[in-house]
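See the structures that follow.
Two complexes follow with chain A in common, the first pairing it with chain B and the second with chain C.
Here is the complex of A and B:
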């Protein structure tokens, strides 16, 4: 065993892409399969620079379809494999991620959202929410963490490697181009020193022993002959997902207790919301902020509790209502009025949120 | 009010805008400040306007980008056009005195508009290679967000191996930093 990538813990000043590479190393990832796309590239670059020092591997494939499927193949063989992509690459990886969904395979995919539709910008957006949560011809049996900065990227990449293998659902770390490219301080650490455990990986195919004699036979299917068979299989997935959800779901609240207006935001936009709460509170406005950390499973109970006791909800996102769809679906039956501020593909600042929220008083 | 600054630096690719921003933000971080630096990048491989956004604060930093900067530095005509939207009534707008034909494009709403001969000083007094270090000195001089000695330490951290090979480079860089600092005074 080579030395540990991170001894103890240390404070660093780095980009999100670098933080993801370190987290994957610290989580014991064996191999990254990848194909270049901005703003994800440096995850690959840092990984290829660091991985050989710790006996880890990298394979650049011919495209993202292949990167997704080779990652699934690595997982089947028992490797802690992962990949990362953005935008059009995320589209191409949906097929393999759907296969993982159907076969209950753990995968870790880090997404650095860029602008869309199509090539659009390489800078930033929150326009890959629907695709990451519900992409492909699937039912969204996935775990999606929406991160808000470098510390989150490190913490939740570690966590993704744990929950993916623990619950066997495709797991996504949903970042964005801002987080990918910006530099800010964070603490990176050896998971052991923080008591963070990571579920070990195991081969799902070609296990040792004689199938049916020494061990139950492995039977992973993504093809069915009868519609009744499929219904039963999908129901089974849905049940397993529902059982897993309460163990995984995460959200954060900021001054929601007595808030008249609650700002709903996820990912990096949550930082603008947190800043706005601070400013508005200092000026006497009773404003709070609710941030889902998992977009799948969505924190239905927590958001309902907050929504029901506030006078108005203010939703802000860098997309044309992809996050709002998750929210309104979750809040069906709650009558609190909701105002939205939608900026597809553009960043949102504290000042803007402050100005918009003031209009509601 | 939090202590710190929002800084936008823009220029042509190759003018060293991003490395100035990187060194400056890391210097502030080393001094115990919260710091966030993000480059702007388009799909072009070369030939675009390069913009760097730096925020330094004694409080956690919200959004990575901002609408209005405390200081804007524009190092080419295209950069002037591109960055004047970051100017508000409290903004100091610094541009290079050798940029021609931008008088009409200069922001009218800035607290102060300052033309500095950085390109000329680099070429005639020092060395074109330290142009961006002059700019770094100017940013520090205009914001006072970190001490000039801290900036020297950061330069040494970044270029220490080069300084060791050729000690005259250390003097050249320090000189450039100091000259930049002076250019925005008075």
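Here is the complex of A and C:
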């Protein structure tokens, strides 16, 4: 049996789904629980082919409810457990992810967004932002990375396993069908050669020693009898989340320093924004781009700084303002005018971003 | 004269959380006693992960000196499946009611049984939803009055009681253990519980025990009527005995 899935570094040409499977292997993921749904399927396909070679496991469950809850079980047993889904499957997984929030269980869930509402399409979309960030009857005590391409999918899947176990909040890698199925060049690597450490996992249940004799038993619940009890529990979660946020929050800026107009975009749309900045700069327009990488926690301070010094904000997303809600909530009190370009479930090109931004000059 | 101690309870019962939170006359503590004694006799306290469902079964979340997880309604089977798949040394127990197993979690029960998951499911059948106030369950008897069948369950419109162990026996392979016990015969119930756990310990496969139980609170019955309901009315539909025993003669 091969020791390491990836020796050193390797330049490869891969789909996003393949990159996720390799990253999960490299991160030391022990077990994947999954249920078929497009465009996530190839994560399972690559995992089922690769995992046995490295002593890792896979279980195909009866539905996404079960995939989410079995992943919760894998975490309770102390293993790096993950699952992947999209659209209607993401809906079904909200139940287990809420339980993971309440109990601080570090599940890792890769979401390859598809169009919505309902079954819709399986290609380009950013319509699972609200659900992935705030789904279920919870308070959004989650970490959500919005990736913009194959390298991101590898890097942030790797990172997801680290931060999930470090901070014990359910962690999401939010991609989409376009990234999932498209091939791009990227570098995959053994985290060790890059000095990337992955926080070790440990069991919640069945630790050594007789429970109640050698050690107290682990009793985990998510039911509370009294309002005061619940408030104390949620306050504790909120405090832990607030303490964690500055360590985890991430964003990226492109030529924002002297920008008159700043394009706000995340995920795959950020690629169009990055391309547009290059074109517009070459034509003399002072345009920059701000990209939140974590949607939860949201980079409030960084976006405020950028927004305050620019003349105008241009927000573009492949959804009917799900991302804008995060932005406007974050920018409350900032008076910089904001123009939106919303295309729910349709791809966004460099050309159209260039054309729209030019209207603002 | 010294006060007589209470009847001997399993050491695996956590004294700090007693008296327990179940209603007087409830059948759950009897089933939990059988489970506790079986675990103790098998000396598997260190290896057990005890999962309990939503409904009255959730009140067992801190009942034992065992590592325990209280899950969502119907989702105990997949949680324990996930635990067991990730670490096969663990003895995984999923504890639930009839609603959790036969209604909201039925797809999980059916598929865990079909896949021959090496876990043990204990399902307490008291013919209605207890925690939510006595609604009709898949196991409610024809004619039985509940909050959602106030004129009695009509099989024409709501079907007949789910026969869980019969269904599980039909869809499992030869290595599954399947039985139905009753709290009116605790010795037999404990034997079944033990055999179910042994089936998992020996790595044979899925094991399932339904326990016929009591709910005088929602049945609105006195002691005599309660036992009559269990031993006469429920017995008409739910036959007690072993339905599947790997490689051995069945009891009942």
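The criterion applied here is as follows: the second predicted complex is superposed on the first by the 350 of 361 C-alpha atoms of A that agree within 3 Å, B and C clash if a C-alpha of one lies under 4 Å from a C-alpha of the other, contacts with A are read in each partner's own complex, and residues count from 1 in each chain.
We adopt the following convention: a contact is a pair of C-beta atoms (placed from the backbone, for glycine too) under 8 Å apart; a residue touches a chain by one contact, two chains touch by 3 or more.
Because the structure is a prediction, the values reported are computed rather than measured.
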item: Partners on chain A (chain B, chain C) - clash or fit; value: fit
item: Chain B versus chain C as contact partner of A:274, first or second or both or neither; value: first
item: Which superposed partner A:348 touches (first chain B, second chain C, both, neither); value: first
item: Touched partner set for A:121, first chain B, second chain C, both or neither; value: first
item: Partner chain in contact with A:178 - chain B first, chain C second, else both or neither; value: first
item: Larger contact residue set on chain A - chain B or chain C; value: C
item: Chain B versus chain C as contact partner of A:13, first or second or both or neither; value: first
item: Touching partner for A:219 - first (chain B), second (chain C), both, neither; value: second
item: Gap in Å between nearest CA atoms once chain C and chain B share a frame through chain A; value: 26
item: Overlap of the chain B and chain C footprints on chain A, listed as residue numbers; value: none
item: Interfacial residue positions of chain A with respect to chain C in the complex; value: 30-31, 33, 57, 59, 61-63, 65-66, 69-74, 76-79, 81, 95-96, 99, 203-213, 217-223
item: Residues of chain B defined as touching chain A within the complex; value: 22, 25-26, 29, 34-43, 61-68
item: Complex contact set, residues of chain C against chain A; value: 12, 14, 45-49, 54, 58, 61-62, 64-72, 75, 78-87, 89-90, 107-108, 110-111
item: Chain A - residues contacting chain B, complex; value: 13, 38-39, 119, 121-123, 178-179, 181-185, 268-269, 271-272, 274-276, 347-352
